[in-house]
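Shared between the two complexes below is chain A, which has chain B as its partner in the first and chain C in the second.
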Partner chain A sequence: MSVPLEQYLVVGAILFVLGAVGFLTRRNLITLFLCAELMLQGVTLNFVAFSKHHGQMTGQVFSLMIITIAACEAGLALALILVLYNSRRTLDVSVWQDLRESGLEQTIDTEPLPAPADEAAMPRLQEAGKMPTRRRGDSYV
Partner chain B sequence: MLTFSPQAIADLQRDLLAFLPELVLCAAIVLMLLIRLFPATGRTHLGGLALLAVGGALVVAWLQWTRSGSLPLPDTSVRYFTGLLAYDSLTVFLRLFLLGFVALAIVLTFFTHIPDSEDSGDFYVLLLGGTVGMMLMASANHLLMVYMAVEMASLPSYALVGFTKGRRASSEAALKYVVYGGGAAGVMLYGISLVAGRFGTGSLTDVAQGVGAALATGTLDVPLALGLAFIFIGLAFKLSAVPFHFWCPDVFEGAPAEIGAFLSVASKGAAMALAGRLVLAFAAVAPEQAALAFAPVLALFAAVTATFGNLAAYSQTNLKRLLAYSTIAHAGYMMMALACVNTEGMSAVLFYLVTYLFTNLGAFAVIALIRNRTGSEDLSAYAGLVYTAPGLVVAMGVFLLSLLGLPPLAGFAGKFVIFSAVYHAAADASRPWLAQIYWALFVIGGLNTVISAVYYVRALKVMVIDKPPEGVGDRRVPFAAGSYAAILAMLVFVLGIAWNMLSVASERGTASFPAPKATVAAKG
Partner chain C sequence: MMLASFGLRQAMIPAALGLLGLYLLLPRPSRIPRLAGAALGIVALVLCGRLIAEAAPATPWIERILFWAFSALAIVGAVQLVTQPNPARGAVAFALVVINVCGLFLLNGAPFLAAGTIIIYAGAIVVTFLFVIMLCQQTGAADADARSREPLLSCAAGAILLGLLLSLVGRQYDPAPIDELLAAIDKSIASDKPGFENFDHEFRKFPTHLPIKESLEARSDESMLKIKASKNDPKVVSEELAKFRAAVAAGRSRVGDIPPPDSVPVTPFAGSRTDHRLPAGNVAALGRLLFTDYIIGVEMAGTLLLVATIGAIAITYRSGRKPA
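The block that comes next holds the complex of A and B.
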């Protein structure tokens, strides 16, 4: 039994729209970028379905390229998230509104994201450029 | 054992020669990354190497432009790398434009010291990587290449915007750029999937045939129209066309001024070239129907973009933010020429881009130099600048008045060429309502120039008439840096008087696309 093209496209469209809605409404930086990835996965499904429909490899090549580029983008985004987190100690996007039109009021957050877990309890990474040493009591889970 | 036919080897040779400017940059990028690995050379400033590579690529591109060498003719469009890229005069023109800009921008970084020796490797690798992406944008001939090139131009830009990572504004700008950019790329990709899936191929040649046929027979169905619309939304984001402009002011305010120049000139130029290539490819198949379908949409976007940009710039107090809105407005002017949907309009875009290169780079250079002295980019930091740095104020005056479009400066020539393209399009329009759209565009363009005078002249007034603020410090810039701005100002001046050569070059830039019938009739 073969699945018709339309059904693939519908699932692809649903994934894309779910991603887009999450992208527009989520405030957690990591979830935000995951939603952007979800949009791309919807597109990838489209391409694979079209590839099957036309009986050629163009769509497959497209999806391979998309996955690669999405990985690059995610890498860059995660590095940026790290910088942002180090600066403000929160993953909430709504704290980042210093750049805006003059005269425009800051958006007040009525339900702030829950505070992050106790930082002292989190596993610590070694500083870059040093030989790793293991201190007593450190956990590397 | 693998064997290659002589034809395949000859093709590969031709393709690599056509791709040579990009290859030079790629080699330089790899070299710069390797140099960083060695402790002895890890801390050297790599600006010289980057400039050398860009210079080398520029020479190759110049040889391609003048057709001295064993390269295929630029006037006839050649598809290379199995049709993924197009090598024609538009490609080579944009290569020269982008490489010339990047060379000047690298020289600017020598004066403003934005990447110090330690960070220089990262900075120039990202800068050259972004440039390669933009050059690919200008020559993409396949929807896969369109997406890859846009991403390849965007990703380094995201990192460059957040390059001064100690500054919170810079990080915030990078965040906004990545978030909006990622979303726009996703939307564009969805459009590509619809269009490529519809025709079973991503090749722009085949897609243009399909879309042209659909336009000619009036069978443009919803998925195809939606796909095209999504692709143009992605491009509109890169062009910062209203309503996809909201990232632009924040990103420009947060990013270093040098990167602002890079985004406003190189990125816009590449996106314009890509949009123009798409529109002209459709117009080559069905000229009249393409004009009827695309002109109203493009004209609407152009008019709204230019008007909004100019109105929003009016109340800005941060000079970089002001220039961001000015960039939006100028993208609107260029889209007016694009709305002509013919080669004359595209030539006008190319012409405008070159005048805009010197003007806007100069303006951002002055901002960067003053920032280095005062640490501020607010307009108030420029008050009474004429008493301490008169030369710099004259240069900035030239840039601002050129952005305004005052004769005899380059900006006037650019606006003149664009408005005359719109005028001709109105005269040659195939329907009365289309002619009316062009006339409206013509009037809106003129009105916008008048509106924009207010904020450009206000910025000048602050520099010349206002009293210098207390405790602003010494605002004189080093002689070499000042002469850099002076040379750019001189170029803006010269280009505003002697623009014949540029006009010929920009016409040749679109020579590989079929000329509109009316122009052919007028010439022959």
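The block that comes next holds the complex of A and C.
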């Protein structure tokens, strides 16, 4: 006896759903393609688990084909990402909203981002020839 | 302990909790404490584990430990990939997922696939992704990485999809009816008047969506004929009961299977249909299968790789650009 098939199926389903949610909601082109690869991983796991369960190698052949297609897809996707980046200088998919069906309203980010973390946390040397002044939060590393 | 049978309602609880945790973890301008989302996700994982935890009698404990460790790490890596604002860290988290999924491949008797996946995914694809991130995002985290699009809606969709998938697995691979039937047969054998009619009721309410029912019905009809021919000889009855019980017990580990029809050929290269064991020598068997049954697929995959290479070059090639 070994770990039953259904437990592998559940792990594959969880990986697939996480990849799908990531693909729907993330906005970086590269993260999108990584999420697509995550979905493929979930499906491949199902094929391999079925292959073991039925005692036939066919599932492993299917997984090998999936890996081949994924490699092709990654190469083409990265080429496309480079072209898209070169034309708009950003990896955000939202700049390609004009490719949508006509008549849909544009999505615009309204909520402002929080200010970036304070740069003063980095240690700095004191200016030469002056009396060091101590301020709160200064680092003397 | 048997696999707890569960339906849609039980499956929806961990799915909804987990996706709610993911919703809290997704990047957004006003961050919610990550700890809350992580705690919800862990609770959901534990609930899901309880749902499917079946201690199959003779599973070696090392295999169980490896299975749970690889699965948990793979899922944690996947959550990290989906919720990480920094795409470079996301790529490294994806490498973690790939390595753990390869561990699960090894547990499933696929060492060649495990090695191939690590080499191709973790070795080539992730490195190429990191290379592109290096080319495209030299200024650090971008504005879009700190935002998500419609996180609530997509998490709700994910929860519904996951709940449906889980409940489907719980329904299809639920051994409860076959265990009931086994218990009734055992009771009939132990009673002073053994016979097939004692568990007729249990057999009749055995769900028809389990494909095993047909073969069990054929088996039972054959036994009935033999018993009738021997004019209810108690020795024949107990023999046939033992045979029927063995058939049911053998079906216990294959509950939920949909056996391929006999008209679908299985060549000896793929393995046999009866003993449910993978052929010995994974690489040799896989190679033999690839270059006999699937030779056309292999040739087409090779051609596709070539076409994709040429396509990638054609997409990125810009004529008229002076070399720097």
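We adopt the following convention: the second predicted complex is superposed on the first by the 104 of 141 C-alpha atoms of A that agree within 3 Å, B and C clash if a C-alpha of one lies under 4 Å from a C-alpha of the other, contacts with A are read in each partner's own complex, and residues count from 1 in each chain.
As a convention for this text, contacts are C-beta pairs under 8 Å (C-beta built on N, C-alpha and C of every residue); 3 or more make two chains touch, one makes a residue touch a chain.
Source: prediction; values computed, not measured.
J.: Is A:Met39 contacted by the first partner chain B, the second partner chain C, both or neither?
T.: In the superposition, A:Met39 contacts chain B only.
J.: By the touch definition at the top of the document, which applies to A:Trp96: first (chain B), second (chain C), both, or neither?
T.: So A:Trp96 only meets chain B here.
J.: State whether A:Cys72 touches chain B only (first), chain C only (second), both chains, or neither.
T.: In the superposed model, A:Cys72 contacts both chain B and chain C.
J.: Can you tell me whether chain B or chain C touches more residues on chain A?
T.: Comparing chain B with chain C, the partner touching more chain A residues is C.
J.: A:Ser87 contacts which: chain B (first), chain C (second), both, neither?
T.: A:Ser87 sits against chain B, while chain C stays out of touch.
J.: May I ask you to decide whether A:Glu6 touches chain B, chain C, both, or neither, giving the answer as first, second, both or neither?
T.: The answer is second: A:Glu6 touches chain C but not chain B.
J.: Which partner does A:Gln106 reach: the first (chain B), the second (chain C), both, or neither?
T.: neither
J.: Give me the intersection of chain A's contacts with chain B and its contacts with chain C, in residue numbers.
T.: 16, 19-20, 33, 49, 53-54, 56, 58, 61, 65, 69, 72-73, 76, 80, 83, 93
J.: Please name which positions on chain C make contact with chain A in the complex.
T.: 3, 18-19, 22, 26, 28-31, 48, 52, 54, 56-59, 63-64, 67, 71, 74-75, 78-79, 81-82, 84, 87, 90-91, 94, 97-98, 101, 104-105, 107-110, 112-113, 116-117, 120-121, 124-125, 128-129, 132-133, 135-137, 142-151, 154-155, 157-158, 161-162, 165-166, 169-170, 172-173, 253, 256-257, 266, 269-273, 275-279, 282, 285-286, 289-290, 293-294, 297, 301, 304-305, 307-309, 311-313, 315-316
J.: Looking at the complex, which residues from chain A come into contact with chain B?
T.: These residues of chain A touch chain B: 12, 16, 19-20, 23, 29, 32-33, 36, 39-40, 42-43, 46-47, 49-50, 53-54, 56, 58-59, 61-62, 65-66, 69, 72-73, 76-77, 80, 83-84, 87, 93, 96-103.
J.: Could you please specify the touching residues of chain A with respect to chain C in the complex?
T.: Touching chain C from chain A are residues 1-11, 13-22, 24-28, 30-31, 33-35, 37-38, 41, 44-45, 48-49, 51-58, 60-61, 63-65, 67-76, 78-83, 85, 90-94, 107, 109, 111-114.
J.: Hey, which residues of chain B end up touching chain A in the complex?
T.: Touching chain A: residues 144, 147-148, 151, 155, 158-159, 162, 165, 168-169, 171-176, 178-179, 182-183, 185-187, 189-190, 192-194, 196-197, 200-202, 249-250, 253-254, 315-318 of chain B.
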